[in-house]
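There are structures below to look over.
Both complexes below contain chain A, partnered by chain B and then by chain C.
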Partner chain A sequence: MTLTSPAPSQETPPKTARRATRDFASVLRWREIPVTIALIVLVGLTYLANPLFLSQQGVKDLLLNATIVIILAVGQAMVIITRNVDLSIGSILGIVAFSTGTLFVAVPGIPIVLVFLTGMALGALLGAVNGLLVTIAKVPSLVITLGTLYIYRGLNNAWAGGTQYFAGDRPDNFGALSVDTIAGFPLITLIAIVVVVIVAIFMASTRPGRDLYAIGSDPEAAKLFGIPVTRRVLLAFLSNGILAGLAGVLYASRFNSVGATTGTGLEFDIVAAAVVGGVAIFGGSGTVAGAAIGALLLTTITSALTAIRVDKFWQQAIVGLLILAAIIIDRVARIRTQKKLRLSEARDV
Partner chain B sequence: MSNPPTELLGTATNKSGVRASEVPSTGGRTGIARILLSRDTVMIYTLVFFVIYAALFIPRFASPVSTGFLLLDVIPALLIALPMTLVIITGEIDLSVASIAGLTSALMGVLWAAGLDIGAVLLISLLAGVLAGAFNGLLVAVLGLPSLAVTIGTLALFRGLALVVIGDNAVANFPPELTSFFTSKIGGTGIPTVMIGVIVVAIFFGVLLHFTPFGRGLFALGYSKEAATFVGIHVMRSKFWLYVASGSVSALAGIYWTLRYSSARSDNASGLELTVIAAVLLGGVSIFGGKGSIPGAVAGVLLIGTINFTLRLNRISDVVLIIVTGTLLIASVVAPSIFEGISKWRHTRRNRRILPPASALGATRATASGVQERK
Partner chain C sequence: MKRFILSYSSMWRHNLVMINSPEMAAERSKTPLLSIRGAAKAFGPVVALADGVVEILPGEIHALVGENGAGKSTLVKILAGLYNLDAGEFLVKGKPVAFRTVADSKAEGISVIYQEPTLFPDLTVAENIFIGRQPKNALGLINRSAMRAQARALFDRLGVRIDPDRIAEGLSIADQQIIEIAKAISLDASVLIMDEPTAALSGIEVERLFQVARALRASGAGILFISHRFDEVFALCDRITVMRDGEYISTHSTESVTVPEIVHEMVGRDIGELFPKVAAKVGDTILNVSKLSRVGVFSDISFEVKAGEIVALAGLVGAGRTEVARAVFGIDTYDQGFVELNGTRLKRNNPQAAIDAGIGFVPEDRRKQGLVMDLSVARNAALTLRNRLSRFGLINGTTERRAAEEWTSRLQVKTASQEYKVSTLSGGNQQKVVLAKWLATEPILLIVDEPTRGIDVGTKSEVHRLLSDLAGRGIAILMISSELPEVLGMADRVLVMHEGRITAQLDRADATAESVMHAATAQLEH
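Entry: the complex of A and B
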């Protein structure tokens, strides 16, 4: 947004820079704070009602449940920020999880690092197909990824058939990734945190990362500005594919069985996590850290409801209400920002 | 007779490059030729061709039993596709349809198990769908929130409410005369009796979209909201009622689902929204809004239904079939933009050949302005 705002920058660079930081601060103040407060309140209230909720095991379960959703939400946030969406991630995760299971059986003693790389490469390939179709055919990503959602799932079905691989088929130290902890954090959660930090730095302070925001704010203006839109959008889909691949490998470590239907119906949960975390559905604003917090909030709700013995059937309805609340907060924030921009532009003139 | 208004609106509001290039290509054809060569009509040809092919070469396809099962299976998608077409034409989307159907089904089960009269059960369930649609309409049309995000939210909300209402339970003991009516066929044709109702709903939406000022207004709305407001279309009111219609028809689909399978569960019809949207887009409705037709959408639903059914007759596993759905969907949206690219390329080449000075002038001007913009 700051990239495209008309600024008489030649004479007064310090002023624009100050305005940029101020805008950035106000965006930060508005978008991530509500979801963070919601998370703290939720955890706090649940803890008061049931102290076991924050026991060592309780926290570990919370983190384990959130890990895969966090990684997927971070990737999805990158795509949504460019004003696109990727509905096929559930299917990508499914294929990669099944291929991980297959790999361990087909190549006994394969190094775990190699399994991770293979899974991420497969995810990258599938993500690149999405990205190429979206950028070359110039068809909305909603339609393309709805198509690849079916195609990837069908391929997974054709490949897996009735076959399922269970945790017993995989080496112990692979499963240990989601059991062992360092300072209370499961290893796979640490991987997720590293992912969030890397992508957050990429999005906040590198040129290609800022370009993704510019593209989402106004694709036409981004093109006029000289941003390689096609390449950047492709990059977003590719990164999302890699992260979905990583999530797929972790899924095979975390859960007992992988088969034809692994990851079905995940797509809207992930988009919801990003939206709840303050990523605007029409692109251009939001952060991956917000998306990660959104993911943590949505997965924590389930555990919290169980901990305070609320009927678990309420969980999904509450998730729905949270999504709606997030959209309304986003709208209010946008109106405020627009008003502020109008005022500041009026002053400059 | 319904063509001129679109044409006018098309030229009046071609704000984006895509539309500008489409107007001359369709404008070149007139009257019958235009209708016979449109994207929706091509869909119908494909459907007819495929049905003839299947009837000739697939054993057991051309029989009343096949027709019956095929139609019984596609009815829920067919019903929901009708209002979905209108919603997508206005440039919005409704992802919550399957959840509304699930909520309706769950309500039916609970109310029936509580001992209510079946008429009251049906009425209240339908009303729930109307209210759910009105809630979507309130958020999207009145508050102006983005429909994609809103209906992802209500997708979770309505499915969640279905879970709250009925939980893990299933209710199956609906009156047998009612459930057998829902699977009954008209005479020996194999066509389900319920199809009559579906056809009535289809005609209603077809007439509404193509032959009423309200419907024509929806196309204008999909092209440009601002322009539609200026020509006197009630944008907010139109969208609101579309979401109400979408909710109501989803409720009908939910009622049908419950009685056809004689089972009320919270996860009934889950995932149906994607099937419906894929079929509607395959039927030539543009996701950008402003383009599409009811016959095209119906052809899209029937084509996917028929292909899946024939593959199933050939004992190809159900779950693999979705590759076909996905490939068709992508091919149907990618092909036009490839054709467009080719025809644009041929157009510029022809122009260069015929009018070298003009094109050279245009080229220099273009680069000049390009350089100017860079600065």
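Entry: the complex of A and C
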């Protein structure tokens, strides 16, 4: 189909292009900037107060503490971006961690790769159940996953009972994943970084990834436009389940014991990490990189406060303050953007 | 063009059985792009569409007209693949189809522009156009610079300048509509369905849309154009199909029919005067706006509205009319100037103070700003009264319903029950609920923003009669409208805005289509 084009209005394109790039950059980058600055300031101040904080061991501890939270926050960000939430991840992590412990005892000499695949498959199954319930029953995910949080935890309790498996039950090279480093990075942290990169590319530069943003931005419009909403939301929950499964396996590598209560109460830390990292709680915007930085910030705060000997009680209150700060910054950013867009529009008329 | 080639070859296969004769050849070249007959769709006991018929030929702009509730939207949703047919014959390019999803409809080259733009506010303009089919690079990842360039090329073809990299949030409805059109063009659709695309546009934008539509027609596409504005239907369309109460009534070629004939078929009766303007006694100044300015939005706005007067605020979309109204009502703030009601200055940026002082505000977007779509008719109508109705902070349902009933019945809101969700009502009836909500507060000044947008002819004249009647009772009315006939037909005085300034104040006698349009576009001409 060809169109005769009415003469486009003439204005110097370079100027507009520059303005466009600037607006675009400020709109897109804004959400990750505050959390990154907060992280840098936090690390800097703590280092001044206690130089041991950034010793080789100190950095390794920071990274190890953040690894599992980062993987979970990345998965959660995918779900939140579609205007959903998954509260059951602590329970999924728990079941997978316990099954990993069981697997090593039940099948001596099992290849570690197979353990990873089994854990991720189990996570995928539990995530898919969440996704199916949300998309078919059309009940808000908040309610569905609150339900599966208890169901999965119940299953874990019934299965594990009083049983606990310890690091000694697992092969040494499995535990070594959380000890050995390459260029100062623990192996499991490298796994987390690979996860962040892959999911970030998926979300930013593939059609299904962009669909997730569209769905969270306006679910009704997504349906009208013919985006396969059900399939995409299912995909988000499934991916989140796989990542929670991966986190469960890594948990068994990193920590000494796995049992009935492993991973209890994690869900809110993870949602907090995503929100602090600039993922809008009502979907449509934010990045997984932001969520990962948010996770790093929250775990670093805990370590930092310990390093400067602040009471545990205050640590939680400070995390709470951070969440509020993140939301306020988000609002301010949004109002500023709107104002800017309005002004640019008034100029363009 | 790919789609066309495909369609011709499939058509050819279909018609193999026909003997080749000159008449047959002529007949074949006219095989409709889309044809639907006896289309029926019911939702439970409610029959939305009993006998829908429409046929779109290649190179034709076909109008579909009918009052709200005539079944046009249902028919559109069937064509779009959102609803499945209960019964009926549906052919695309001569072959029967049964759409299950929107994707099925798109695959057949059908593209729909809805009345309410459906953009994703968090995504960029370019991404809104190409979502789901973004250009990819060699690695299979989205190629953003190609996407941006394609969006720019589309906007150049449309002769508009919208930054492809800005996010869609905060775009004016006119710009949103243009993006929808760009989206449809980029799909290379062979059938383009436009459901009231001009409802939010004015003057120049409408003309631009028409240029695009005519260019598409010239390239062999078929367009289904749904509109309540007859001047547009007659200016643009080749044929007109009329629907009423879910049934097909007739199809005419545009040259052989007149507006009154169409209106008669639409309503099944002759409609009274469309603009029943009654000269009201003009009283004291109610609203006095003085030197109101807001940086980048509007500046130096001064005007008065007297009791019994209808003052229209005309101008192109984006001229700052709605923004002025919002500032007067206190939703947005302003930098300079003041607003006086009955001689008392209003606090800026305080809508509650404006309501208490006696202003009612019927917003432009009734679905998002005027009503709470999930609440019942009664609850919506009584929303403004909740302080008055409450005892010890609690609202009694019975009192609420009674208060609501008074005004909804006076405005003849058509609903089976006050308890139905307001979202189940037709556009015209929803607008009446918004009006009822404000009239219940007994305002002395009523601000109405696009009061009849997307409302059918019958209800439209009812709304006009109502406004006229309210003015007759001494209420001052400030009306924003993009429809010139409405402005000229209803207003005692016309204020014209252009780029955030008032460029003309015209009395009823001086206000003509030319004088208003001239002031609205004044600066664009040099």
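Heads up, the rule we're going with is that the second predicted complex is superposed on the first by the 314 of 349 C-alpha atoms of A that agree within 3 Å, B and C clash if a C-alpha of one lies under 4 Å from a C-alpha of the other, contacts with A are read in each partner's own complex, and residues count from 1 in each chain.
Operating definition for what follows: contacts are C-beta pairs under 8 Å (C-beta built on N, C-alpha and C of every residue); 3 or more make two chains touch, one makes a residue touch a chain.
If you're wondering where the values come from, they're calculated on a predicted model, not measured in any experiment.
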Partner chain(s) touched by A:I335 [first = chain B, second = chain C, both, neither]: neither
Touching partner for A:D311 - first (chain B), second (chain C), both, neither: first
Which of chain B and chain C A:P140 touches, first, second, both or neither: first
Touching partner for A:I151 - first (chain B), second (chain C), both, neither: first
Touching partner for A:L48 - first (chain B), second (chain C), both, neither: neither
Which superposed partner A:A214 touches (first chain B, second chain C, both, neither): second
Touched partner set for A:G320, first chain B, second chain C, both or neither: first
First, second, both or neither for A:G226, with chain B first and chain C second: both
Doubly contacted chain A residues - partners chain C and chain B: 224, 226
Touching residues on chain A, where the partner in the complex is chain B: 85, 87, 133, 137-140, 142-144, 146-155, 157-158, 161, 224, 226, 260, 265, 268, 271-272, 275, 281-282, 311, 313-321, 323-324, 327-328, 331
Chain A-touching residues of chain C, taken from the complex the two chains share: 1, 80-82, 101-103, 105-106, 114, 118-124, 127, 131-134, 140-142, 155-159, 161, 163-167, 169-172, 175, 185, 188, 208, 211-212, 215-216, 219-221, 295-297, 318-320, 499-500
Chain B residues within the chain A interface of the complex: 93, 95, 139, 143-146, 148-150, 152-161, 163-164, 167, 270-271, 274, 277-278, 281, 287-288, 317, 319-327, 329-330, 333-334, 337-338, 373-374
Residues of chain A that touch chain C when the two form their complex: 1-9, 11, 16, 19-21, 23-24, 27, 201, 204-207, 210-211, 213-214, 216-218, 220-228, 280, 284-285, 337-338, 341-349
